[in-house]
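The chains carry the letters A, B and C, assigned in the order they are written, with residues numbered from 1 in each.
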Amino acid sequence: MKTPKANNLKKTFSSLPLKWYYDEKQFQKELNKIWSHNWVYVCHESSLIDNLSYKTITISKQSILILKDKEGSFSAYLNTCKHRGSIILDNLQGKLKSNVLVCPYHQWSYNASDGSLLKTSSKPNDDFDKSKYGLKKIQLKIWNGLIFINLSSKKSFSVKKVFQYFDKTISKLDISKFELGFTWTKEVKCNWKIYWENYSECLHCPNIHPELSKLVPLYQRRLVDVKDVENWKILKKNSDPRFQGGLRKGADTWSSDGSSQGHYIKNLQEEIHTKGQIYISSWPSMFLGVYGDHIRVVRILPLLNDKIQLTAEWLFQNETLRDPKYDIKNVTDFGILVMKQDADACELNQKGVYNYNNEKGVLMPEEYIIKDFQDWLRRSIKLN
Amino acid sequence: MKTPKANNLKKTFSSLPLKWYYDEKQFQKELNKIWSHNWVYVCHESSLIDNLSYKTITISKQSILILKDKEGSFSAYLNTCKHRGSIILDNLQGKLKSNVLVCPYHQWSYNASDGSLLKTSSKPNDDFDKSKYGLKKIQLKIWNGLIFINLSSKKSFSVKKVFQYFDKTISKLDISKFELGFTWTKEVKCNWKIYWENYSECLHCPNIHPELSKLVPLYQRRLVDVKDVENWKILKKNSDPRFQGGLRKGADTWSSDGSSQGHYIKNLQEEIHTKGQIYISSWPSMFLGVYGDHIRVVRILPLLNDKIQLTAEWLFQNETLRDPKYDIKNVTDFGILVMKQDADACELNQKGVYNYNNEKGVLMPEEYIIKDFQDWLRRSIKLN
Amino acid sequence: MKTPKANNLKKTFSSLPLKWYYDEKQFQKELNKIWSHNWVYVCHESSLIDNLSYKTITISKQSILILKDKEGSFSAYLNTCKHRGSIILDNLQGKLKSNVLVCPYHQWSYNASDGSLLKTSSKPNDDFDKSKYGLKKIQLKIWNGLIFINLSSKKSFSVKKVFQYFDKTISKLDISKFELGFTWTKEVKCNWKIYWENYSECLHCPNIHPELSKLVPLYQRRLVDVKDVENWKILKKNSDPRFQGGLRKGADTWSSDGSSQGHYIKNLQEEIHTKGQIYISSWPSMFLGVYGDHIRVVRILPLLNDKIQLTAEWLFQNETLRDPKYDIKNVTDFGILVMKQDADACELNQKGVYNYNNEKGVLMPEEYIIKDFQDWLRRSIKLN
């Protein structure tokens, strides 16, 4: 479901050992080598609209705190007091009373803007250098309204590195101007890589997503791009929408009835009309889809070797959200339907991977994005 | 509860280290060395009576698919799609619509008879050799109506190796002609070896199984065989049924009231009358008991280092099942009572094994079958 | 909350690696090196008042049986039958029918007084030397009415070694004369060390324990001892009770309303009045507080790397328990309130410790007891 690079779609490749999808040691390695060195998506800026609002996320059990300070600047910290390790904020989201983070255990207080330690609750003493006990700062970068963090201090942010498949038409869009309309979350019993592999191909679409495949006729051919076969230029002359891309006749967006209720994303109306949807993705934690009248951002966080937390944000232009006639459920119900179908498929996949031999799967030519994902994974494990 | 080889019942032996009953590394070793190299019982043929019916079993988390094809032949496969590892059939049992196994994820289809890959859902391409992507076949052998599988491809099936204690009188019986009357399943919180050790001695009978010990008077002496003491020939002259073997006076079978409701297993009526019951067993996964009017087969599968799945099948002659006056509950209730008592005992045993020293138990002379079991276990771990 | 040695309260120290509070390998090491070599508290003698009464405790999953025999002598055993490892007694407490321990599995019977094997249920045989199969005896020591066990057979009991902070005024008290009035237990989701560290400082008192800090004004200064600052002698001349120690004006004991309902612990009335409370503690498993009219003993047992079992006993002079006007809830409600507050704080602490870097906390000067605790922990791991 991405706009891929040209590909001749002729080769198959060996997939990862099935053991990598459940082995605890492999999971720990990926936490250290992948999740601790890549940019991890947190949320859209409009999820933290008020100054002093915050969110926490956990990568496996490690908690990270992301906040907007009193002047509207964003920061991220390890959600761990420098004193004896207490969690500082124990909710998924909330709002600070002031620009000070106070540990609930011993009231050590930190400047929310830079994490510096303001005050301990101990008596003054000669030995203690406060400047050494600021909260562990975590890199944060906002790109186009999308907030990312990086547990490594050495990784710079570049669009080229952070987004694997980046449809440039998306540059016409100021995503930061969009606003959060709805959030949905779900735990899925699968390894995080299984979710990504599911996302990266449409071979499963006709059977797993019957409604979606009606909306996007190309998906009935199990393809993510009209160019994904050798003779695509000839085929595209066929008036059948399965060869042209885009949504079925009469449909404007990914919604239950296909209607966008008179709302269209400006600047990109023509491109979306042609393509049906535009995707960008950022391994290992997020992908974003632009549809006729909204954007959907999906965040993936690993909880256990066989469990993830899935979170979706629906973003809208503010005039859409303010239109009393616009029914947001037309869009969110459809997205949830598709995501539940994917979650079920991922859980089926997970159930089959356990084996005491060294079984491996195989990647078909249409799964060239999975091939890229696995190559990146292997590289990252070696590199970091 | 088996017909053992002659034994002088004089020696005691050191049992396994108690740690082996809960240690995760030991459990993984046993999955690899024992469960992956021995014949594992699935079910009686009559559990898969219709063509195209199937069952799945899991050895720890590894799922295996056993089916009867359109022409009535049986096959077993790793329940894992060769594509990206999805489970193929996600139910404990069911019926195929055709002789084709279709993966629910991407609709790869396989010939149910031989596992060969029939079709993928990908575009044709030069590179892909379908013949290399059949389902991983697993050895299957039906002996006398009993279906076994073996995860290793190198192990042959021989009655001598598969059944540790094999009462030859059972050869008079065509078990394949029997029919499934009832199935019962239960998870027991104990290591799989603890269940086997419980099965292999009757020292626990009087206290754990008061009802059974009334039915089988010999069990009141905590023995499984009348020959299990030095002077058994003299003792057997005693008219007391505790020294003669067989069921209590007036009882014909293992049932709540001892009655067999006028039904008797042909060919073996005399032997069963003398012995009370005839057992055969097959480590690590099954034992089978023949009683006056029925057979009970018990399957043991390991789930975790401290949990098993227990499944019992009751088999009957078909005239018994068709007799409207025959009350099957008379037999199944009694079997369930005894198995629940054993399950409770096994859970007590499990609770006591945890220790940080190198504690070991001791095997008493009457536990010569456990001794054999442990010797076999140690040998198998070294050998495989 | 102890009476510490003099301390200049000037230095800070690096705390343990946060990983030590959740890592499974570290937990196993501590079970082997700490919990298997130190005296572990069981209960007050009056918890086992009748002859033939018993208790079981588990250190992680290892079960230990402590009993009072028919003549009133105490013994402890590994709660594991020497035969094949069954648990002998499967309740937290109870009463034996006779001075014999009978395994519920095979009825091996043991002398409750010395653990010697009395009888097996096997036939007599030449090979079996009963004297080698007594229950594994565990060292037991009663000090002043407090029952301790030690899994190691090589450790002697000395007040100096067993109690880290021992207020000598407590020697005036015959704790063995006290009687159990109430017991309370709770599982807390934290590593056992986190609970000890919480106990060992009062920096958290004002915020976590508002009611307690009103009762003990010194705690408002986040100190456990009036001497815990350099100029304490001068400060103590201040009539403000925050500088003098002891309870708030008008309060006599740790209770909801501060009243001791006319009951006072003899011999120590003056000392308690001055100090407010007197503590002794015994790593890794117990601390004991003496208050105006009662004693509270808290036992800590590790269940998992992130879970403990907490048990509190309230002890009273027997005239107090027999006074129909004395309301025990005044005391127990207050203790439970404080312990629940600590449990919540410990769970917050646990949630923050997970990290994939090598983060460590820092100990403030007021946490000199934690420093001692951690030094002892590191020493014990090396030593044992």
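Methods note: a residue touches a chain if its C-beta (ideal position, glycine included) is under 8 Å from a C-beta of that chain, and two chains touch if they have at least 3 such contacts.
The model shown is predicted, which means the values in this text are computed figures rather than measured ones.
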Report the topology of the inter-chain touch graph, choosing from line, ring, star, complete and other. complete
Same or different, please, for the chain A to chain C contact, judged on whether over half of the interface numbers appear on both copies. different
Per the C-alpha centroid definition, the whole-Å distance linking chain A and chain C comes out as 48
Indicate the residues of chain B shared as contacts by at least two other chains. none
Using the touch rule from the top, collect the residues of chain B that touch chain A in their complex. 31-32, 36, 60-63, 78-88, 90, 104-107, 120-123, 125-128, 133, 136, 151
Footprint of chain A on chain C - complex, ascending: 9-12, 15, 18, 21-22, 197, 203-204, 206-208, 222, 229, 345, 348-349, 351-357, 359, 361-366
